[in-house]
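These notes open a run of structures that come right after.
Two complexes are shown next, each including chain A; its partner changes from chain B in the first to chain C in the second.
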Partner chain A sequence: MTAQALAQVLASGLLMGLIYALIAVGLSLIFGLMDVVNFAHGEFLMLAMYATFGLVVLTHLDPIVLMPVVVALLFVLGGCAYLGVVRFAMRAKANQGMVQIFATFGLAILLQGAAQYAFGTDYRNVPGSWLGGRTLDAGGVFLPWPQIFGAVVSLAAFGGLHLLMSRTDFGRALEATREDQGAVALVGIDRNRVFALGWGLGAALVGLAGAVLAVFYYIHPQVGASFALIAYVTVALGGFGSVGGALVAGIVVGLVEAFTAVILPPAMKSVGVYALYLAVVFVRPQGLFGRL
Partner chain B sequence: MLLEVRSLSTAYSGLLAIQDISIDVAENEIVVVAGANGAGKSTLLKSIAGMERPRSGSVTLDGARLDGLPGHVITQKGVAYVPENKRLFPRLSVADNLRLGSYLHRAAADREAPLERVFALFPRLKERLPQRAGTLSGGEQQMLAIGRALMTRPRLLMLDEPSQGIMPKLVDEIFDAITTIRATGVTILLVEQRLAESLSIADRAYVLQTGRLILQGPAANLRDDPEVRRAYLGL
Partner chain C sequence: MTSTTLAAVPAASPEAGFAARRRRKLLVAAVVFAAIAALPYGITDVYLQNVLILTLMYAALSQSWNILGGYCGQISLGHALYFGIGAYATSVLFVNYGIVAWGGMLVGGVLSALVALALGWPCFRLAGHYFSIATIVIAEIGLLLVHNWDFVGGAMGIQWPFNPDSWWTLQFARDKVPYVHFALGLFAVVWFVTYLIEDSRWGYWWRAVKDDAQAAESLGVEVFRSKMAAAAVSAFFTAIGGGFYAAYVSYIDPESVMSFRFSLLFALPAVLGGIGTLWGALVGAAILIPLTEISRSYLGGTGSGIDLMLYGVLVMAIALARPEGILSLFRRTRSARNQEATP
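Then we have the complex of A and B:
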C-alpha cells in the first residue's frame, strides 16, 4: 500500500468515523441518562433524512440551510417519544427492561411503516446541495466535501454538547439525573422534564446526523437499520452512556471499516467492525470508556 | 402551624409502616421525632417529602395540601429533605452539588445568596469545592447534604438521622449547626435515634413505636419522663 493510498484510507475512515460518532452520541446520551436503549434510534435518523428531503423539495433551499429546522423537528419527536411511549413503558411493574426494549422496538416498526406509507419504497436523493458531488483534492487524496462538512459539524456538535453538559444548569441537571434520578426531586428538579428534554437532545443530535447524511446518502424507509447497527456497536465500544467514548469509538469504527474495505471484498466491509466489537465485548465488556 | 400532619398512614406492599400519625411543627421550632429502628420515622419524613405516597391522611404546609404532590413540587414549596443516605450526586463536585441546590433559583440575581451561610456553618465545605462528593468523609457528606438542602431556601428543613455514621466530634458540630440554622429562621423537623442530644436542642418531641405515636410533649418534659429515661436514654 502506497503512502498516498494509506492517507486516503485514513482520511476517509476518519471522516465517516466522525459522522458515525454523531449518529451514535444521542443513543449513548439517552442510555446514560436513564438506562434505556432506544431501538428506534435508526428510525429517528431515517426520519431526519426524509425531513431534509421533504423540506428541500418544498422550499427549494439548500439542505445545509435547513439543518436547524430538521434538528428542531427531531427534538420535538424525541420529546414526544419519551412523553408518549417510553414514560409509560417505564411504569411497567414487571420486566421493565423488556417492556422498554419492546416499546422502542415497536416504535421503530411503527415509524418505518409510516415512512413506507408516506414516502413509498423508492430510493430518494436530496436534490442539489452546493456541496453535493464536490470533492477536495488534497495532494492526490480525494475527499468528498459533504463528508468533510459532516465531520466538521460532528466535531462542532461534540464541542457544543461538552459545553452544554459542563457549563449550564440543564447540563448539571442531566448529570445529576443520570447519577441518581430519585434524588433530583430533593433540589426541585422534575426528572420527567429532564428525561423528555434528554430524549429531545438525543434525537436532535441524530437529527443533525441525518441532515448531514441526507446530502450524500440515498434515503429509503430502511436506511436507519444499517446505521443503527453501527451506532449500537459504537456505543457498546465507547461505553454505554459515555459521550467522549462515542466520539472515540465512532472514529475507531470508521477507521476499522475503511481498512477492512481495502483488505476484504467490499461486501464484507462490516466484518472488521463486528470482529472488533466482539473482541471488546470479551475483553472489556463495559466498553473503552464505560463504567461498570 | 407551619406543618400539619393529620392521620397519616403509609404502607409498603400492604404492610403499614406508619399508622394514623398526627404531628405539628410550628414556625421556627425544632421538633424531634424519636423511636427505635423500624419505628417508622424515616417513612414519616418520606411521606411528607413526597418520596412515598401515603395511603391516607393529609399533610399541609401553611394550610396548603402537600400530600399527593410530586417530590420536586414539595421542594419548590419550601420543604427541604435530607434523607438518611443523603442522596448526594457522588460523581459531581461539591461545588456542583451546591449549585444544583440553587437550581430552583437559577433565574435569581442573588442565586448563590445562601452559600455564605452554608460556608459559615461548615467551613470545611469551602476547602472541598472541586472534590467529588463521593470522596468526602461521612461527616462532610452530611454537611454537604445539609448545605445543598439550604441552597433550596427552605422554610422547613427535615433531617433524617444526621448523626448516623459520623465521628463523635462531628456529631456535636452537626447539632450546633442545626441550632444555628434555626436561628436564621428555618424550621426544623429532626428524626434521631440519639435522643439525649436531640432533646437538648429540640422544643418538642414525638416518640414513635412500630408505626404508631406513643408519646409527645415539650422536649424538657420528655427528658424528665421516667419511662423515656428508662427505655430511650438508658438512665
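Then we have the complex of A and C:
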C-alpha cells in the first residue's frame, strides 16, 4: 500500500467515522439519561433523510439551508416518541427491559410502514445540492465535499453538545437526572420534562446526521436498519451513555471499516467493525469509556 | 408459580398436590395437541393451512428462544444464527450428500448447540444490553460469512430438488397436512422439554439466574453453567426448526433464514404471550402470525406499508398494555377469584 493510498483510506475512514459518531451520539445520550435503548433510532435517521428529501422537493431550496428545519422536526418527533410510547414503557412493573425493546421496536416498524406509505419503496436521492458530487483533491487524496461537510457538522455538534451539557441549566438538569432520578424531583426538576427534552435532543442530533447523510446517500424505508446496527455497536464500543466515548468509537468504527474494505470484499466491510466490537467487550465488558 | 426464588422449591408435604398439578398440565397439553392435530382436517384451505404451519413453527422456535430468554433471562437477539445453521446443515447434507432431513436436522441441532457453547463462553460475561448487542453482532457476522461462502451457495442460496411425497425425505409437494403435524410435533417436543426442565433443578437455577444472578451465585447456583446449558438446549431446538423450515419452503438463501428480523420474530411471540411460561409462545404466535400473514396478503400486496404500520402498532400496544404477556390476564383473574373466595 502506497503512502497516498494509505492517506486516502485514513481520510475516508475518518470522515465516515465522524458521521457515524453523529448518528450514534443521540442514542448514547438517551441511554445515559434513562437506561433505555431506542430500537427506533435507525428509523429516526431514515425519517430525517426523507424529511430532507421531501422539503427539497417542496421548496427547491438547498438541503443545507433546510437542515435546521429537519433538526426541529426530529426534535418534535423525539419528544413525541417519549411522551407517546416510552413514558408508558417505563411504567411497566414486569419485564421492563423487554417492554422497552419491543415498544421501541414496534415504533420502528410503524415508522417504516409510514415512510413506505408516504414515499413508496423506490430508492430516492436528494436532488440538487451544490455540495453533491463535488470532490476535494488534496494532493492526490480525493475527498467528497458532502462527507467533509458532514464531518465538520459532526465536530460542531459535539462541541455544541459539550457546551450545552456543561454551561446551561438544561445541561445540568440532564446530568443531575442521569445521576439520580429520584433526587432531582426533590430539588424541583420535573423528571418527565427532562426525559422528553432529552429524547428531543437525541432525535435532533440523529436528525442532523440524517440531513447530512441525505446529501450523498440513497434514501429508502429500510435505510435506517443498516445504520442502526453500526450505531448500536458504536455506542456499546464507546460505553453506553458516554458522549465522548461515542465520538472516539465513531472514529474508530469508521477507520476500521475503511481498512476492512481494503482487505476483504466490500460487502464484508462491517465484519471488521463487528469483530472489533466483540474483541473490545470481551476484554472490557463495559466498553471503552463506559461505567459499570 | 410466579415466585421463582429458591425458597419456592416444594417441601415434602405438599408433594402429592404438586404431582397432581404436574399431571394436570400434561393432560391439558395432550388435549390441546390433539385438538390442533385435528385442525387441518377441518381447515382444508391451503392458504390457512400454511398460516397454521407457520404459527406452529414460530411457536416452537419462540419456545426454544424462551428457554434461554424467558427462563434464564438472557435476552438473545441473535437466534437467527442457530436457525440458519439448522437450515443450512439440513439443506447442504440433503442436496449435496443425499442425507435426509431427519439426519440433517439432528446434525444442525448438535452443531448449533456446540456453537452456542463456544459463543456463550465469552458472551455470558457480558451483562444487559452489551450481551444483546453482542448476539446481534455475532449473528450478523454469520450472515455475512454465509453470504460470501460459495460452498453453501453464497448469495444464491440452495434449491432443494423435487421428490415424491414421503415422510422419509420430509418432502410433500401437494399435501400440507404432514407439515402441520411435523410442526406440531416439534412444538410438542419443545413444550415437553420445557415442562421437564421447569420443575427440575436446572429450572429453578435458571429462574434464579434470571431474577438475580449475583444473589443466586452466592447461594451456590452455578450461574455460568446454567446459562451455558440453557443456551445449548435453546440453540439445538432453534436449529431443528431451521431444518424444518428449509424442508418446508425447499429453497433457502442467507437473507431468508439468517436476517435480523428472524431473531426478533423468535422472541416476539414469547414476549407477547408471556415469557418464562409453558404456553406463552403458542398463545403469542397464535395471535401474531395469523395477523401478520393475513394483513400482509390483504393489505401488503400493494407495498403501501399499511400492513407494517398495523403490525408496529400491534407490537407496541401489546408490549405496553400487557408487560407480563397475554397469559397473565388469565392468571390474574384466577388469583382475583381466589382472593374473593378467601374472606
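Operating definition for what follows: the second predicted complex is superposed on the first by the 292 of 292 C-alpha atoms of A that agree within 3 Å, B and C clash if a C-alpha of one lies under 4 Å from a C-alpha of the other, contacts with A are read in each partner's own complex, and residues count from 1 in each chain.
One rule holds in what follows: a residue touches a chain if its C-beta (ideal position, glycine included) is under 8 Å from a C-beta of that chain, and two chains touch if they have at least 3 such contacts.
Quick caveat, the model's predicted, so the values are computed rather than measured.
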| said: Just checking: does A:A183 make contact with chain B only, chain C only, both, or neither of them? Give me first, second, both or neither. | reply: first
| said: With both complexes superposed on chain A, which partner does A:E175 reach: first (chain B), second (chain C), both or neither? | reply: first
| query | Thinking of the overlay built on chain A, is A:D122 touched by chain B (first), by chain C (second), by both, or by neither? | reply | neither
| message | Looking at A:D137, would you say it contacts chain B, chain C, both, or neither? Reply first, second, both or neither. | response | neither
| said: If we overlay the two complexes on their shared chain A, which of chain B and chain C does A:L278 touch? Say first, second, both or neither. | reply: second
| field | Residue contacts on chain A - larger count, chain B or chain C | value | C
| query | So which bits of chain A does chain B touch that chain C touches too? | reply | none
| note | Residue positions on chain C within touch of chain A in the complex are 75, 122, 125-130, 132-134, 136-138, 140-141, 144-145, 147-148, 260, 264, 268, 271, 275, 303-317, 319-320, 323-325, 328
| task | Mind listing the chain A positions that touch chain B in their complex? | result | 169, 172-173, 175-176, 179-180, 182-191
| request: Could you please specify the touching residues of chain A with respect to chain C in the complex? | output: 31, 37, 85, 88-89, 92-99, 101-103, 105-117, 120-121, 221, 225, 229, 232-233, 236, 240, 265, 267-268, 270-271, 274-275, 277-278, 281-282, 285-287
| If you look only at chain B, which of its residues touch chain A in the complex? | 49-51, 70-76, 80-83, 87-92, 96, 99-101, 103-104, 106, 148-149, 151-152
